[in-house]
Each structure stands twice: as C-alpha cells, then as structure tokens.
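Shown below is the structure under consideration.
Letters are used for the chains, namely A, B and C, taken in the order the chains are written, and counting of residues starts over at 1 for each.
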Amino acid sequence: MAALLELKGVSMSFGGLAVIDDLDLHVDEGEIVSVIGPNGAGKTTLFNLVTGVYEPTAGDIVFAGESLKGLPPHKITRKGIARTFQTLRLFLNMSVRENVMAAAYGHTKAGAFRAMLRTPGQRREERGIRELAEKRLAFFGERLMGYRWDQPAYSLSYANRRRLEIARATATNPRLLLLDEPAAGMNPSETHEITQLIGKLRSEGGYTILVIEHDMHVVEGISDRVIALDHGIKIAEGSFAEVATSPRVVEAYLGTKAAVTK
Amino acid sequence: MDTFIQLTLNGLTLGSVYALIALGYSLVYGILKLLNFAHGDVFMVGSYVGYGALQALGGSANPKVPLWLLLVLITLAAMVACALLGVAIERFAYRPLRNAPRIAPLISALGVSFFLAYSVQLMFGAQQRDYDAFSLGEGTLFFSGFDIGNVRIPLLRIIIIVSAFVLMVALWLLVTKTRIGKAMRATSYDREAAAMMGINIDRVIVFAFVLGSALAGAAGVMFALRAPTAATIGFIAGLKGFTAAVIGGIGSIPGAMAGGLILGLAEAFTQGYISTRWSDLLVFVLLITFMLFRPQGLFGKPDIKKV
Amino acid sequence: MDDETRARDYEEAVPGAATTGGPAIGKDEWVARSGERRSRRGGILGKLDERLAVVPWWTWLALFAAVVALLPVGFESGYVRRIAFDTLIYVLLALGLNVVVGWGGLLDLGYVAFFGVGAYTYAIVSSDKFDIHLPFVLSLPLAAIVGAVVGLLVGLPSRRLSGDYLAIVTLFFFQIFLTVSNNSDSIGGRDIAGGPNGLINIDPLSIFGHELKTSTDGIFNVAYLYVALVMFLVVYVALRLVDDSRTGRAWRSLREDPLAAEMMGMPVNWLKLLAFSFGAGVAALSGTLATALNGSVFPQTFEFPLLITVYTMVILGGAGSQAGVVIGAVSISVLLEVLREPGDARFLFYVIGLLALVTALKLSVRLAAVLGGTLALGFALHALAGSHDGAWTGGVPNGGGRLAGWVDGWVIIPKALAGWIPPASYIALICVVLGLTLVHGRLRLALLVPTLYLAAFVWENVMLVKPEPTRFVLLGAILVGVMVARPEGLLGEKRVEIV
C-alpha cells in the first residue's frame, strides 16, 4: 500500500537549534500510528510541520503523492489533513454546533453575496453543513447531543471539549487525522473511552490517524505502529512491544546510567 | 552645501524629539505588546505643563531664575507631571484590560488619547500657546552658538540635540545596567516566566510608563521651545514617534533612537529639496515600505509563531 | 473535569436521579446550565427578559423602522428630520465598522477615510466638476464598490494582518487620505477635488429621472429620510444574512482563534480582508447619501473626531451585536445633539446622574444618604460662599432650561471665574473620580457626596460653557469607561476568553 503521508529528510530549526533533524517517516492509508517521546522531543513540531504552521528548513513532506511544501495551512487542510490541539483551541464563544459547522468552510463554496441573496444553492449548502455537523457530533453518542448543540463551547467539560475538537477536525472531511494528546488530562474511564473511540474513527470514519500520546495504555491499545522521537531524531519504530522495549527508548525516557550519575 | 548643513541640523533637532517620543512607544510595546496611542497626547500635555511652569516662573520676558535653571525646571516639571499621567493611564485604562483580547486596550488607548486632547482644549481653549523663546535671555538661545561654514548653529538646537542624547544614554544605562532595567528586559522577553522568577510585573510595567512618559514630557518641552503648541498636536506627534519606533524596530531602544533620527532627517530633506506639502505623505510611504519589506524594523527580530 | 464520574457515582447512589425533574446535580448538563441560571434575573425583570429573548430579530428591526418612518408625522420640524437622517448615517457607519471590529476583530483606524472615499466618488460622478452626472442607481453601487476595492488594496500590503499592523497601516491610510484630499486642488498641477475648498454644487439624489430636492422652502425633504431608512434596512438585513452563513461563522472563528481557524481550512488573511473591505463598502455607501443631501464635500468632515464618534457608538452598543450597535449609534447621536444646547444638556446631566445613582445603589438607605448629603452639602456651600462674597454666587447658569432656577440656588456659579479655577476643578474632579474606583465601602459612599457636588460644579462652570470639547471629552471617557467596566457593551454577549 502506498504511503498517505511521507516525510523525507525533514529538518526544522529555530535560530540554529534543531528541533527536528533529518526525519523520515511515513503513514500508510488506514493505519493508526503513534508518536511517542519525552517532552521537547519535537512531536508537536512534527504536527506543526505537517499542517503548515512551520515550513521545514530542509526536506519534503508528501501527502497523497503531492508535496505540501510552501502551502499555507488552510490549503493543507483542504487537501485532507486535520488536527486537534494539545492545548485545546476551540472557538469558545461559539455554540457546539457552530464550532463543527465552521470547520466545513474548506469544502463548501457559497460566498457572502450568495448568503445575502439566500440563493437556493446557498440554502441547500447551508442545510448540508448543518446535517454534516450534527452527524459528526452524533459520532460521540450522547455526549455532544441534543440541548448541547446550542450551548457555547466554553460550557463543556474538559473531556467533552476534547471530543468536540475531534468532531470539529472530522468536519473538514479529512483523510488523515492528527490527534495531539487526545487523552491528556482525562481520567481512566475517559481514557479508556477515547482509546475505543480512536479505533472507531478508523473503522467507521475511515480516517488514517497519526497520534501523539503520552499514555502508554492508549498507545498500546490503538497503534499499528509506534514511532519514538527524541531530540528530533527517530530512535525507534515498530510494534508497540518492540518500541517499548527498545533500549534507546528506555534511555530517552529514563536517562542512561551515565547521565544519571553525572 | 549650506542648505545641506541647515537641513541636517533641522533633521537632527526634529529627529531627537521624535526619538524621545519613539522611546516611550517602544518601552511600553516591548513589555506590554501594546501600542499606546495616548502617548502622543502625553507629549502634548508635557508641552502644556512646561508652558504653565514657565508662566509660574515669571514668563519668558522676565523670568525669576537664571536661564539655564529655568530650562531645567520647566523640563523637570513636564517630566514629573507626564510620569504621573502615564502611571494614571496605565492604572486606570490599561491594567484592567491586561487579560482582555488584544484589541481592547487599543480601543481604550484611543479613548484616552481623545480624552486628553479635548480635556486640554476644554481647560485651556483651542488657541496655540507660545513659549516665546525669543524673549528668553534676550534671544541668546537663537543668536549665540557657533558656525559651520556660513550656517549658524543656534544654542537652542544644540541644547535640544545634546539633552535628548543625554536622556537617551541615561535610559540606555538604566535599562542595561540596573536591576529594574534587567527586570524590564526579562519581562519583555517572557512576561510569565519573569513573573515566576519573582519579578513584580506590575512594578516593571509602571516603571516603563514612568520612563516613557517622562521622556515624552521632556520632548514636549523641547518641541514647544521652537514651535507653538496646541491641544491637537498630540495626534500627529504620536504618529511620527510611532513611525520612528516602527522604522527602528518597535520594542528596541537603539532602534527607536535610530528610527527617530532617520525620520527627522528624511522629513527635513523632503521639505528642503522636494516639497513641504507632500512631506507627510513621504513619511508614511517610508513607513509602509518598511512594514512591507522589513516589518521587524532595523533592529527588531522577527517573531516566531507559538502554537 | 471529572464531573462525569461524579455524576455516574451519584446516579449509582440515587437511581433515576438523572431522569426525574430536570438535570441532575453534578451531571454535565447541570454544570452547563449553572451559568445560565446565575445570569438569569429574578422577579418581573427576569420574566421580561425571558419574554424579550424569544422575540425574533426582525420584529425589533420592523419596530425601529416604524418609529423612524413615523417621526416626520410626529414632528413637523425640519430639524428633527435632519437629525433623524444624520442619525441613520451614523447607524450605517456603525454597522459597517461593526463588521470590521465586531466580527472581524480588526482595528481599522482608517474607517472614516472610506466614508470619505464614498463621498468623493459620488461627488466626482455627480457634479459639474468633470461634467459627469450619473443617475444614483449607478453612482451608489459605484461608490460602494470603489470603497470596497480601496479597502481591499489598503488591507493587502499588511500581509501580517495581526491587530497592530493593520491598525498602523489603516491609521496611515487615513493620514494619506487627509493629505491627498487637502491637496487635491493641485495634484500634478491639476485640480481634482478642490483641496480644502472641497466640492460644491453636487447633484441631489434622483430616482428615475425625478430629482429629489434636498429641501423645499428651507425645510428638510422627508424623502431623504426614507431613502436613508431603506438603505439602512437593506444593509442591516444583508449583513445579518452574511453573519448567519458560512462567511459569518468563519469571521467569528477567526476572532476566537485565528490559528485554529486557519487549521480548520479557513483562509484567515482573505477573510480578514473581506471583513475589512465589507466595512469599507458600507462606509462608502453612507458617504454617498450624506454628500447627496449636503450637496458638498469637504476634507475637514473626515477627521479624527468622527472616527472616535463611530468607535464609541460601536463599543457602547456592544461590538459584534448588530442591534446593540444600532442602539449605540442612536444614543450617541442623540447625546451629541443634546449637548449642543446647554439647557437640555443640563437636564440630561442631572437625570442621568440620578438614574446612575439609583441603578448603582438601588432604592436603599445608602441612596437616600448620598442624595441627601449631596443636596445639603450644596446648599450649605452655596450659602457660605454667598455670604462671604456675593460675586461668588452671582453667576447665571449658562443656557437656562428647566433646571436652571434650581441649579442657581444650589451650585456655586461665580460671576467671573478666575483663570485657574476651571483647570484646577476639572483635574481635581478626574482625580477624585479615579480615586473613587480604588476605595470601597463606607469610604466610597462618603467620598461620593463631595465628588457629586464637584461634578455638578465642573459641569456648570467648565463644561457647559464649552459644548464642543465637552462632547468629545465625554466620548473619550465613554470609550475608556465601557472598555474597562463592560467590554461587551450594552447588548453584546459577555465573552469567555480563557477557561
């Protein structure tokens, strides 16, 4: 199977400090790949590179056979990559449904003038957006249903905000979902739920998923493949069992004896 | 050649005033990331306070104190009054909005600017106020001085350029050498981290306003010694100071000085060689060119997006 | 964070608790609605709030339009009609600025220049200057389009349209506009638009060849009011429909979080430019109307005070809320008009002062104490000053009006004011008012009494005497006060920034 996302020798540095260094990485269609690594390993920078927030200082990023180099973030999203944020970035003062509806911007067309005239096409499209949003929210079962549609996003609980972020990302109709620590700050039962949800996102939604996660239970539960980063370098790749037992990964997380005694 | 010298001199005088105003913008922007639109009006208030102090000391025709002391006193009065004003503005118009969306303090600043300009007009009327510096010491300020070629450099201009320079050097030393200066730089680098290191952010911010406003007060007096002042000059003076700050790189102290001088010289030469009518326009074109091709200014660093 | 587990525990302990009688305590829903509960008022006002909340927006709009349309019936005077027309122009300007500031979250300090662009465009295509006389069905859209395109061009250069940079670029565009319009009598040696002398003898509006005279026998032609009203309705509804569409949602998203909006596929820079250019278009449209009525256009019209006036309208009403902005514009417009006439201004001052006190202190002992104290203090000081020197209270309240007689016996109005008194009392008043915000409890209450009297003194002796700066001082104060005390304005939604 061809790779959906491929990074070829990607490097990124800020003022001479290399955060990602000559990274090769690929995610195949339909895969769930986890990225792990200690804080500052460059995981979120990796997401920022893929989504176009930063442009790599070297190397190329290819999505579905096309290079993403130089594309602004919104164009990358339209090509089929959507993400969530580690530090939640919802549109807090908009309603839950509007949060999701807003994300349909990229694949809809009716402009401001058609909205003024309320042309039939515009109205049809608007109905479509609304239905899409409700469908995406329904994916989470009862959690984000009913009266909650019209509540402002700030009134949601933390766990529900994480769910809403995922719903919003899926409303861009992506092929590849980037989830940045979806289980952060959740309690065990919520974490368990999110693990199942990520599986469901693939089986029912058909998304390919690249996920950053610290919680090893989640990583173990969802991953087809795990990639470990440290200081912007890939230090291990393979099944969860292989990566988790890799001496370099253990070293990155716990430090070497030499480093400890130093 | 004489014209050139004359224009350079004009530019330097004007530029030192602009630089002093620009410093206030830069100090505040460096720490609060706030464009203090009211700054130009603080400058205007400074010129009025100077005028008041001058009258209190007997007026320019027969002052009660020697000339040098008179100049020092009116400048000090303006600096102190403006410093207080700056503190009050920060405390009542900006501090409550510190965690509001970025646009909120900017709008508040617009309101303050407008309030100050029209308060002065309400209290003192719309007519111009003239320091009448010609009468000071029977014209010493204008007639004594030294010559370069055929051009006379009047004492007043020397005083303005030198004292602006001295103030800037003093500020530079304050910011680089003292404890509070270090705290200011730390705060401008990362406010939250500085707070966690035990720096009293409120004090640092107030201090920035004190310094910036005092400099604006001094600039107000220097300006008004050469041209009559009015309640409405704050707006355009603020624009110029602000342009200077952007050219130099907003947030950077040497940048503000350089920007002020560049702007002053550019304006003087445009007026001298091209046209007085369109000189303002050229200043703005200069600014927009800078913002297009080097938005961080001469001395600023491009910022990195944080996610 | 873990309210759901708590809810689960609770449900296990009390089976059925969640299903009977509204949301269960501790459940998500309960948490979500708690904010709603807190904000809801009790009593009759609360009931009224609830009832009003379900009235659809177009009902309000129709009501407003009906009131404006019936104004000429109620008031024969050309003055009232003229003010109503001017107010509608302000409302249009405020609606346009609301798109930029309220929806786009952008600080556009050149907004008034677009008003000018529209005015000049209309003037040039409908006057003898170049002997072009376009019908107004063409010149109106033309001006709006020119305004929008200029807006787009002004916005374009600041590629990094972050708040500050756009503010700077627009402020300088404003200056450029002023410089150019003031020098427009000699651009490359040619007279384009008359410079400081402006353009005069501009055509009035004409509908299907039928010219609308701006006035008959010196009385304002009511047709202009109706044209303005129609234009207001069209603009209001059009903007409302845009707000409730994909574009409106995108604007709100980028105001909430530009980066997240960009990541969700919204072209943030383009959307900002669009908001900016929309606002410019509306401003230009309003410019045409004003020019057609005035028959002339001068660069002095488009100065900084107009910008601040429109900003105050938007901020007071509540940036982002169309209805709020309309209310803000109407109130400020009426306020500015009332302040022209010292007698009316006096009346307004004491009424608003009293209302503010009642709102702040409710009907309580404290209110009685403050009011009584202030009155007593006034009469005592007045008597004291009068007995010391008759000239101290020998002045006459400026402008007369309903309250003048009462004021004369209460506020000290000296016959001749020493030069230092106005600045000293004015500065003192500002200091005390600012100081009041720093103290609390009884001290504040006690200080309120002399402050109120000082305010009345300054109002009578300093501010009423100079209506022009007073109007603008008040605008500035309102702008800062609203921003600090109630950033959402009168009708805006309270926003949550960081939770």
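The rule is short, and it goes like this: a contact is a pair of C-beta atoms (placed from the backbone, for glycine too) under 8 Å apart; a residue touches a chain by one contact, two chains touch by 3 or more.
Bear in mind that the values here come from a model prediction, so they are computed numbers and not experimental data.
Measuring from the average of all protein CA coordinates, the nearest chain centre is that of C. Greatest Cα centroid separation from chain A: this falls to B.
We define each chain's centre as the mean of its Cα atoms; on that basis chain B and chain C are separated by 31 Å. Measuring from the averaged C-alpha position of chain A to that of chain C gives a distance of 43 Å. Taking each chain's centre as the average of its CA atoms, chain A and chain B sit 48 Å apart. Shared contact sites, meaning residues of chain A that touch two or more other chains, fall at 53, 85.
Annotation for chain B: residues touching 2 or more other chains are 305, 307.
Across the assembly, chain C contributes 259, 495, 497 as residues in contact with two or more other chains.
Taken together, the chain A residues at the contact with chain C in this complex read 51, 53, 72-74, 77-78, 82-83, 85, 89-94, 98, 101-108, 110-112, 115-116, 118, 122, 125-126, 129, 147-148, 151-152, 154-160, 168-169, 171-172, 185, 187, 189-190. Here chain B touches chain C in the complex through residues 33, 35, 88, 92-93, 96-97, 99-108, 110-119, 121-124, 126, 235, 239, 242-243, 246, 277-278, 280-281, 284, 287-288, 291-292, 295, 305, 307, going by the rule given at the top. Contact residues of chain C toward chain A in the complex are 1-5, 28-29, 31-32, 35, 238, 241-242, 244-250, 252-253, 256-257, 259-268, 274, 278, 493, 495-497, 499. By the touch criterion given at the top, residues 101, 105-107, 109, 157-160, 163-165, 167-169, 171-172, 175-176, 179-180, 183, 259, 304-305, 308, 311-312, 315, 422-423, 426-427, 430, 434, 437, 462-463, 466, 469-470, 472-473, 475-480, 483-484, 487, 495, 497-498 of chain C touch chain B in their complex.
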